[in-house]
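First chain A sits with chain B, and in the next complex the same chain sits with chain C.
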Partner chain A sequence: MLQTLVTGLSIGGIYALMAVGYSLVFSVLNFSNFAHGAVIMLGAYAGLGVVRLFPPHLALAVTGAAVAGALVAALNERLAYAALRRRRAPALYLMISAMGCAVFLENLVYAVLGSRFYAFPEMIARSVVTLGGTSVSLLDAGALGFALLAILALHLFLTRTVTGLAIRAGVSDMTMCALMGVNLDRLILVVFLLAGAFAGVAGAFLGVKYMVYPTMGWITNKAYIAAVIGGLGSLPGALLGGLLLGVTETVVSTYISSVLRDVFSFAILIALLLYLPHGLLGREAEEKI
Partner chain B sequence: MKKDLLGWALAGMLLAVSAGAAGAEEPIRIGHSVSLTGGSSMWGLAEQNALDMLVEEINAAGGVLGRTLELIHYDNRGDAVESVNVARRLVGDGVVAVIGPAQSGNSIASAPVFENAGIPMVVTTATNPAVTVDPSSGQVRPMAFRPCFIDPFQGTIAAQFAFEDLKARRAAILYDVGSDYSQWLAKYFEEAFKVAGGTIVAQEAFRSEELDYRAQLGRIKEQAPDVIFIPTMQKEAALAAKQARDLGITAGLLGGDGWGSPDLMDLGGSAIDGGYFVNITDLADPDIQKFLQAYREKFGADPVLPNPVMAQDALLLLVDAMKRAGSTDGKALAAAMENTKDLPVTSGRLTMDPENHDPFNKPAVIQRVDVGQKAFVFVKKFEPGRN
Partner chain C sequence: MGYVAGICTLAGIQMIAVLGVTVFTGFTGLFSLGHAAFVALGAYGAGISTFRWHLPFPLALGVGVATATLASFVIGVPALRARLRSDYFAIAILGFGEALRVLLENLSLTNGARGLAGIPMATTPGAVLLCLLGSLLVVRRFLRSRLGSACIALREDPIAAEMAGVSLFRTRLLSLALSAALCGLSGGLLAHYLSFIQPIMFTLTQSTMLLAAVIAGGMGSVSGPLMASFLFTAIPEALRVAQMWRLVAFGLLLVLVMRFRPQGLLGFRELGDLLPARWRRGFLA
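Moving on, here comes the complex of A and B:
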């Protein structure tokens, strides 16, 4: 049972890291940025590139992936969403544009780098710590720890800095925020830089743990569910939803059937939305998509 | 000015070529449905090289039935829909027979097209029984043949090796429920391992797109197996190996020919080191040394096995049938191929079973993954009949 919990938490940690990016963008712009998965994928490729060019080191790979993710997300916002936003297009259009970006970026990678799989070199030894009959891999423990720290840092940034204050103001009323002299474009750029950096970090961890390939971004479907379960737009919700989904999946695979795992995950999502339309920690808001 | 010159030169060459073709007897056209791009292209390109090499040799020695051979390679991108398109194109081109595809799914998709056209198809490395025997009717497909072993045989070899050489008594299976190849190979292994006297202590499955098998591996770990059979492609095998070692599982790892891709070692790293798998042939196989030497001389590198060897076997099977039938008619070729006996081919000798169009006595090799050497190391060769 303990092993199941540990495995579930380590999977959940990565879901949480990915879910934060969804929630962050949703909280400010009120739309689901489905290009997030593609940014995660590009982050993983960037991390891989860094490891191949420089001495292989996990910290270097994660940093490189975070920087690349932030840049791609910011560029994505400027090129694809900014014009729609200024014309006050409905959130639905932004979401469709985001889906387009996801497919575009994925196929770009297919065309440029091909469909082959890549693995990171073994940067930290495959060391396993055994605690009371439960095996914990150091990478998993590190990933979960890092996810918690990063989410805490983001929380502090949003609550303790002026830019964070502006973002939170934007979350509650964007028009009013603009009237108070906040530069909306700059604010949104910061939000995308942050979400992109998180995507990059998640991509690097995913790549190190599993593999790097063009369609890896689709695993974010799970992260999106995690964000919805936790309450889209809520950061603690994203964390909670991610961990909950990871543990549920592992418990179902272990004790019921691995083939039925997704049947359960999605059933939980549907049931939860019936009773708690805003997720576990979501706030009331209009126009949620 | 330069452009003009080039244009005239090209036109001149075209004229010369068409004049030459009209003068000589028409060549025998053989189609080749092959993955030249996409994930399987490294095998496909090696197939193409090996076939071109062999055709050159045959033509230099006077061709077949007094005519030269001409290969038409079309890229099926390793995709089932594209394979059907390629099959239709080849039928339209008027080929007398086809070599390929290499994958079971693509071969099963292509089979009806060639059957309707009455053109024999000799696949290269497609190991699923349904390639040559229609599973819905249980009847042999009259136009489908193969020179390689089939999955039941492969599963049996893996089970025998686990029981006798690895001395395993408790085996677990982790397979991909989304793949026919994996599901059936798991079943064949299970049956053979039980017959040998072993116990299957756990059978766990995952779906193709999944990345995390730790829940399944956790259950396998509880049963403390001696060996885990993972009949999947190299990507899933590498992931499973990494996660098994992360969970502290020390059992031996065993797989089928789906593992036989050079990137297995990059993807699996130290976790896959020391794993064993069944393959069609190996660089150390004494029977293929002459072919390897010729290939290295011509292309300056080792071929990506086993496809080029099986492609040559397929072509030799066809050429022998043409000679014995004295014609290139599809039905006559199929009838002659059915009765192939003890034909010397690149991988050894080939005798066709007319019941199912699979070869008798096809050998298999066991390879060990050596990550340090970055190589698959030859362990032993299973030869039914000779063992």
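Moving on, here comes the complex of A and C:
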């Protein structure tokens, strides 16, 4: 049982990393960034590229993935979303554009690099520590620890710095925020850089844990679920949602059926959207049509 | 069946599904990322009927349509009653589609991920044409009815429409049901054209392709999406482009359309509107 909990928490940490970025973009721009999965996938490929070029080291791979993710997300914003944003297009249009980006990037990678599954070389020996009767792989523990630290750092950034304050102001009222002298374009760029970096890191961890392949970004479906569980737009909510989802999934696949795991997750998603749309820690959504 | 006839049949089948998404997204204004699920249900409903129970083809198509329509109530009643925001609704229906695909991959009735092979090839170009024309007629009547006007009113301004007495839940539900029924019909025809169906054929990518046709063709137009859908099927087929480059182009197209021409090819207009006025009367009166 403890073993299941530990495995679940480590998966949950990665879900939380994905959900945080997704949730951040959602809270500022109020649309579902479906391209988030593609950024995760490109981050994983970038991490793999770094490891192939330089001496294989986990820290290098994660840094490379974070930088690449941030750049891709920022470019994505500038090229695809900025014009729509300035025109004050409905959220639906932004969402369709994001969907287009996701399809474009995923299939571009597929067409250029092929559908091969790549594995990271062994970087940390898949060693296992035994703690009170349960074995924990170092990678899992590292992923969870890193996720917690990174989300804590993001939290401090949002609450303790001027830019963070501006982002939080933008979340509650964009127009007012701009009137107060905040450069919205720069602010949104920062948001996408952050979201992209988190996505890249999540991608690198996913790649190290499993494999790297063009459709790996589909796992962001889980990030949406995690974000919805915690309450869209809430940072602690995304963390809580990710961990809860990870543990629930592991419990379901261990004790009930691994096949039903995804059906179960999607059922949770639908049930939550219907009965608790603000999630566990979300703020009240004002617009509900 | 000749090569050209084959492509046109496939395009026709796709156009019926696009017509379904047009009703729901183009005219009712809700965004769906799960309509491939309704196509899948139509395909499996009809395919299983002929493959396992040896029902006649038209009856099997009916079973497919009924399955898809029933499923649209299963997801539609709770999701629409909860009055979810458009993107929450899109995510909910995406979850529904993915969950359904996992189920199809694991039921023994559907032969799991291996899919159903050997469904009788009963779909002829004539049958597709007949179904397409029938669907067009139904959609046209629907859009010109009170219900159709209510859909358009909800798309334009849900609050104002509700104030004017339009029932948001009922209207959206019926629009979803019609759109699911059309997707189901398309699925049934597809199953009996390819004679082989597999859950992996009905993924999020398929839903996106349907949506891409509606967006690129133009919201609030029927002929625009149909034209776009035909071009989407015919051009890559004629140029013999690999599937993934096709999808690269679709993705780019969606981004570019949103960036430069969000109203699409024929936003809020029909093909007939482009003709000089004196010809138009003869066609559409």
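The rule is simple: the second predicted complex is superposed on the first by the 285 of 289 C-alpha atoms of A that agree within 3 Å, B and C clash if a C-alpha of one lies under 4 Å from a C-alpha of the other, contacts with A are read in each partner's own complex, and residues count from 1 in each chain.
Just so it is clear, a residue touches a chain if its C-beta (ideal position, glycine included) is under 8 Å from a C-beta of that chain, and two chains touch if they have at least 3 such contacts.
What you see is a predicted model; the values in this text were computed from it and never measured.
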item: Touching partner for A:Thr130 - first (chain B), second (chain C), both, neither; value: first
item: Partner chain(s) touched by A:Val259 [first = chain B, second = chain C, both, neither]; value: both
item: Which of chain B and chain C A:Leu273 touches, first, second, both or neither; value: second
item: Touching partner for A:Ala153 - first (chain B), second (chain C), both, neither; value: neither
item: Which superposed partner A:Leu75 touches (first chain B, second chain C, both, neither); value: neither
item: Touched partner set for A:Met176, first chain B, second chain C, both or neither; value: neither
item: In the superposition, chain B vs chain C on chain A residues touched; value: C
item: Touched partner set for A:Trp218, first chain B, second chain C, both or neither; value: both
item: Residues of chain A at both interfaces, chain B in one complex, chain C in the other; value: 218, 259, 262
item: Chain C residues within the chain A interface of the complex; value: 29, 31, 33, 75, 78-79, 82-88, 90-92, 94-96, 98-99, 102-103, 106, 158-159, 204-205, 208, 211-212, 215, 242, 244-245, 247-248, 250-255, 258-259, 262
item: In the complex with chain A, residue positions of chain B that touch it; value: 38-39, 177, 204-207, 209, 211-212, 214-216, 218-219, 235, 238-239, 242, 245-248, 263, 266-271
item: Chain B partner contacts - residues on chain A that touch it in the complex; value: 3-4, 7, 11, 115-119, 121-122, 126, 128, 130, 135, 137, 139-140, 210-211, 218-219, 249-250, 253-254, 258-259, 261-262
item: In the complex, chain A residues that touch chain C; value: 31-32, 79-80, 83-84, 89, 91-97, 99-108, 110-111, 218, 221, 224-225, 228, 259, 262-263, 266-267, 269-270, 273-275, 277, 285, 287-289
